[in-house]
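Given below, in the form of structure tokens, are the structures.
One chain, subunit A, appears in both complexes that follow, with subunit B as partner in the first and subunit C in the second.
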Partner chain A sequence: MRLPVADFSKMDASIRTLASIYEHRKVSPRGQAELLWYQYYTQHMQKIREAWERGEFILSMFDACPAEIPYAMDLPWYGTVVYGPGAVAVGAKIEEATLDSARQVGLMLETCSGWRMTVGMMMRGWYPRPGAVVSGNPTCDTCAKCWPLMAYLANVPSFFIDVPFPAGNERNISYVATELAELIEWLENVSGKKMDWDRLRETVELGRQMVELNREIQEILKARPSPIVPRMTTQSYWFNWIYSGTPEGVHFLTALRDEVKEKAVRGASGLPPVKGEAPVKERFRVISIPPVPQIRGKTLDWLWREYGVSIVVSTFMLWPDVEMDPDKPLESIARKYLNNPLIRQYFNPCESPYGTVTATVQAARDYEANGVMIWGNPSCDATSGFVKIMRDRLAETGVPSVVFDHDPADPTYTSEDALKERMEEFVDLLESREWEG
Partner chain B sequence: MPVVGIDVGSLSTEVVVLEEGEVVYSWVEVSADDADTGARKALEAYLRQAGLSIDQLGPVGSTGVGRRDLSFAQVRKTVPSCLAKGIHKIFPTVRTVIDIGAETSHVVKVNAKGNPEDSVVHDKCGAGTGTFLEAIAKVLHMSLDGMAERALAATTKAEIGNTCAVFIEQEVISLLHQNPPTPVEEIIAGVFAAMAVRVMGMVRMVELNPDVAFCGGVAKNAGLVRALEAELGVKLFIPENPQLVAALGAALWAGERKN
Partner chain C sequence: MSSTLDTLNEFREVNAAFPYAEPVREWKKQGGKVIGWLCSYVPEEMLHAAGVLPVRVTGGYGELALEEATAYLGVMLCSFARSCLQLAIDQKYEFLDALVGVATCEGSRHLAEVWEHYIKTPLLDILPLPHKMHQRAEEFFAEELRRFKLRLEEFLQVEITDSALWGSVALYNKHREISRQLYELRKADYPPLSGTEVLEVMNASVMMPKEQANAMLERLLTEAKASGRAVKGSVRLMLSGSILNNPQFVAAIEDLGGIVVVDELCTGLRYWCDMVETDGHPDPVVALARRYMTKFPCARMNPFSERLNRLLPLISEYRVEGVITRAIRYCKPYIQEQHMLKTELENRGVPVLDLDVEYGMPGTGQVRTRVQAFIEMLLERRKAS
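Here is the complex of A and B:
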């Protein structure tokens, strides 16, 4: 199959939108962390764009794979989720065309739209044509199977990081470290660039600082009212992907930590009040699993303003303590990779100590949550399997949950009105419980 | 002072008026383009007979898809909350409510105080809704009552394999035209059974806790009631006016003035 020549119209539109949001936020600031998010996100895309113009070797990689490696090799790389489905969130209008393209290679409605869009982006030529692709099997079979398809479509070599299930034991961490060593050797061959081992050790230290900052933030988020704006619970997670082990990552998370800390000390809510109106109150504290879809950021602002429902945390923000030693860079990066909350929670049995059900039930206690929102993407095989168990376990601890029949990447799947209706039903339920005491 | 509950649905608007906690008036009106017009029309007879204007009514509660658009409602509650409250007034022992409306189906878990504990909604595919049954009735050239009667006469049922409204319709047509054709009563019984399986899937999401009530306009269909009872394995509690339960709940919420 012959791919069309690169078409940067969508990427350029995304860069323009992000840059204009950044400029707008500079004039009407809502916090340093958000400003940095837009600044660095724009820069990340611009760097890829410029690397393409210079004819450099570009790596396409699943966002959750260890970014420390391309950074230490000075390899321009892009994460397909953040660039693909992420572009929907900035209004690049890619959904219809990419989903249509994916259908042409057999990816139907039952396949996760995130991956359908990713494959569709490649088919449309809307990603920079990569020199190679890298992926792994976390967190789902669809992820594992779409990457070979991406490499096939782009007609470039690919590397697959094999992660044994379950992810969270030392034997598997050692095994993944050997996989990463192979990945480095393979990347040196296909890209012609060499690993800078000193720089890799630096990324480990910076990654360690990022984990610590994440852990500080997750403690601060227990404050009442929630000091974080709902969409940031996802934005910060994305940032941990694309700037993993970098000074930018540390800079952003430091700003976010300082910001939520300052608000928590002041007793201010994360969502700023509308000019001239009273501060936003928090009536109900809700946990989001998986993170709030970026396309629904405004809807969740509405939910907080209208009904006082805050998103206190996403379980994907909950980092465990990760031992990181710059003198053991590959082992440390493997450990961080497998303890990334997404992989730790989804690539272990859901009721194991690391699993997503255990993590969510514990988070509901720790954050004194009134309820849990489950974005039950029906085409997500990783999520669908645990929804029933999670709802039952939460109910046993007295925490109600709601499942939104919702696609995190495709805004046309559920109408805004239908989503709001379901949210209001959940608010009614929370209110009833409040009145009953 | 009369307390009013109005359920503004996509096809019909139901009104219930309570005095001293008892239903003194109820009406079902075809929904108008705007919620106010339909609701005012549904209240006309009551206002005339009571010699009141809309402004002289007590608290008004609204529910349904058009609840936000009703300008004279003071209390607005979602359908699951109103179903829970309404059914608790009629059948206090009910813990699960199945509501099948024109375009949406709900299953609500109700607690002992008449509040919702959990709910699921089915609004993507028409196969679990009243509109779907109307489409099948049209294909079969009969009324909904006629469908119910024929289904009750069936001794066996056709296997309807699809759970998509469009495909079920195609399947019904092919069963009618195959040689020899499948008896109509068996087809209808099969359609009801397929719908019951779909509802059962929703019930499982909130758990089947007896007693179980069935409401919404579709609950008047004896054929579907039989199919649902067979699938759920319980005797269903069906209110005298099953389509008014949400409006009753809205009136009760309005009486409590809880928004």
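Here is the complex of A and C:
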């Protein structure tokens, strides 16, 4: 199979859309964090565009892999998810064509559409052909298989960061640290660039600051009403991936921290009122797991305005304390990687102390949540395997939950009307519980 | 075909009472403990050395209604995992004293977790398993096995000595050697056993004490060699892919004129094909870790080339004319490696038929039609060459 080398039509369209949203937000600001998010998201793509023009070696990497390494090696890289399926959220209209391409290599509904789109993007040439592909197995089997498939299709070398289950114990951290050392050696060989170890140590320090900021934010989010815009519970999560261990990451999270803090102090809700209307009220506080799909940001605004349902936190925002030592950069990066809430929660037994069920039940208590919203993508094995246990455990603690049958990247899977109807049913349930006292 | 082999019938009798087979029943009657294992990456030798009967947990030999299991695991989690759970929900695995899982894939891992939560059989462990096949992975797995050994000892209140472990290794190696000899027979122009029969034998041999399985296998070998049986098939096929237990699926292929002369299945060749090295290893746990981390890999391991490089020689050794790859719904690792495997085989001139089926599904309907067309194509190809 011969793939196109690069077709920038979709990337350029995404850049234009993001830039125009950025300009619009500058005029009608909803906060500095959101502005920075659009600015840096655009920059992530622009840098790739420019590197391609200069003929540089480009790395394609599963976004959840440690970005500190390409940053410290000054390697241009793109996150295959934020730049691929993430582009759906900015209207790049890639879904039909990419899903069709993925079908040609046998990937059907069983494979999560986000991952099918990444494969389809590679097949269409909508990702510039990388010099190499880096991936790993957290958090699911599909992660472990689709990136090597992309490398195979693009006929480029790939490196697989092996993470033994479960994430987070010291022995696994040490194992992964050695994997990272091998990754660096491999990248030096395939790219011709050298690791700047001083810079790597800097990324560790910046990563440490990012973890601290995330932890401050998660504390502030316990305020009533919720001081965060619902979609930011997802956007901040993506940002933690692609700008991990960078000044941009610290800049963005500092702005977000300041913003939610200021609102919390004022007692203002995260979602600003529509011009000329009264401030939105918070009647019900809901936790989202996994983060609200990026394509559903507006729906969540509607839910809050219409029914007073706020998204107080996504469990993927809940960072533990992570010991980071710049003098032990690989061990520190491995530790942060395996303690990323997504990996920590999904790559541990779900009812273990780190597992997703335990984390969600605890979060429901900590955030005084009235309910939990589970985005049940049927083709996501990582989620579908624990949904029943989670719902039962939450019910035992008196917290109702709802499962939305949806697809995180394909907006055609569930209609907006159907989703809203399901949300309204959930609101009815929350209301009935409120009346019951 | 020709005469039925007596020992083959004995294997069939074992399968007839699946999953609580007669040898398991007998073992329990004698007061023995039975531990179920979920994946061929569980080192059975360790369970055997602990004095228990290891029994493979599968979803059986037919297609089940999976409504209840699907409510627990989700509709797109692999149908093998859901079938196992369904049997557990239906109390078919109540005879197990414990279960051992492996974090091989999402299906295996989540099955173990849901089992632990809703089924009363205790879950002993979900063994971590690296994805790469290098020295560090072996060392990592050896540590995990040491931890597992302690857990097993604590659970059973026994000591697993090195000498017991080496004894179990020898027993299981013997099983591997006899199985290899059985497969060797399939290299003949007209093998004495069909692919269907071999799967029946393999199914039964994980539901009885290995000592008994080995004795029966040896008898079967002798009988098969002496019988003069010759199973004729028009084309020689390899069956590759996700876990398969249903002999009816293979029978459907063979009824259409093909003969399955070799497989790349964890219930077949991948189960037995690598020995535990006994020379130069002072520590049996290290030897076990090495075997399990270097054995013929399943699709969940990386890189894909490790699997491909083990599969390719089988094509020439068994004179395979076509490969049927079978991914069960929704076994992600096999589905997602399918394109690469098909491309690599076809680039080498090996025709491939890829099927996606439910676990337990017999070879009926559309599957039958596609297999028939594939066999016709292979026959045409042979004529043309």
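Operating definition for what follows: the second predicted complex is superposed on the first by the 436 of 437 C-alpha atoms of A that agree within 3 Å, B and C clash if a C-alpha of one lies under 4 Å from a C-alpha of the other, contacts with A are read in each partner's own complex, and residues count from 1 in each chain.
By definition in this document, contacts are C-beta pairs under 8 Å (C-beta built on N, C-alpha and C of every residue); 3 or more make two chains touch, one makes a residue touch a chain.
All values derive from a computational prediction rather than experimental measurement.
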Looking at subunit A, does subunit C or subunit B touch more of its residues?
-> C
Mind working out whether A:Pro400 is in touch with subunit B, subunit C, both or neither, as first, second, both or neither?
-> first
Touch check for A:Trp435: first (subunit B), second (subunit C), both, or neither?
-> first
First, second, both or neither for A:Ala418, with subunit B first and subunit C second | first
Thinking of the overlay built on chain A, is A:Thr111 touched by subunit B (first), by subunit C (second), by both, or by neither?
-> second
Can A:Phe160 be said to touch subunit B (first), subunit C (second), both, or neither?
-> second
After superposition on the shared chain, which partner residues are touched by A:Glu96: those of subunit B (first), subunit C (second), both, or neither?
-> neither
Footprint overlap on subunit A, comparing subunit B with subunit C = 388
In the complex formed with subunit A, which residues of subunit B make contact?
-> 65, 77-81, 84, 111, 113, 115-121, 123-124, 205, 258
Going by the contact rule at the top, pick out the subunit A residues touching subunit C in the complex.
-> 1, 105-111, 137, 140-142, 144-146, 148-149, 152, 158, 160, 162-166, 171-172, 175, 178, 349-351, 376, 378-379, 381-389, 392
For subunit A, which residues count as touching subunit B in their complex?
-> 388, 391, 395, 400, 403, 405, 418, 421-422, 424-425, 427-429, 431-433, 435-436
Across the complex, what residues on subunit C touch subunit A?
-> 71-78, 103, 105-107, 109-110, 113-114, 116-117, 126, 128-132, 136-137, 140, 143, 299-300, 302-304, 329-330, 332-333, 335-340, 343, 354
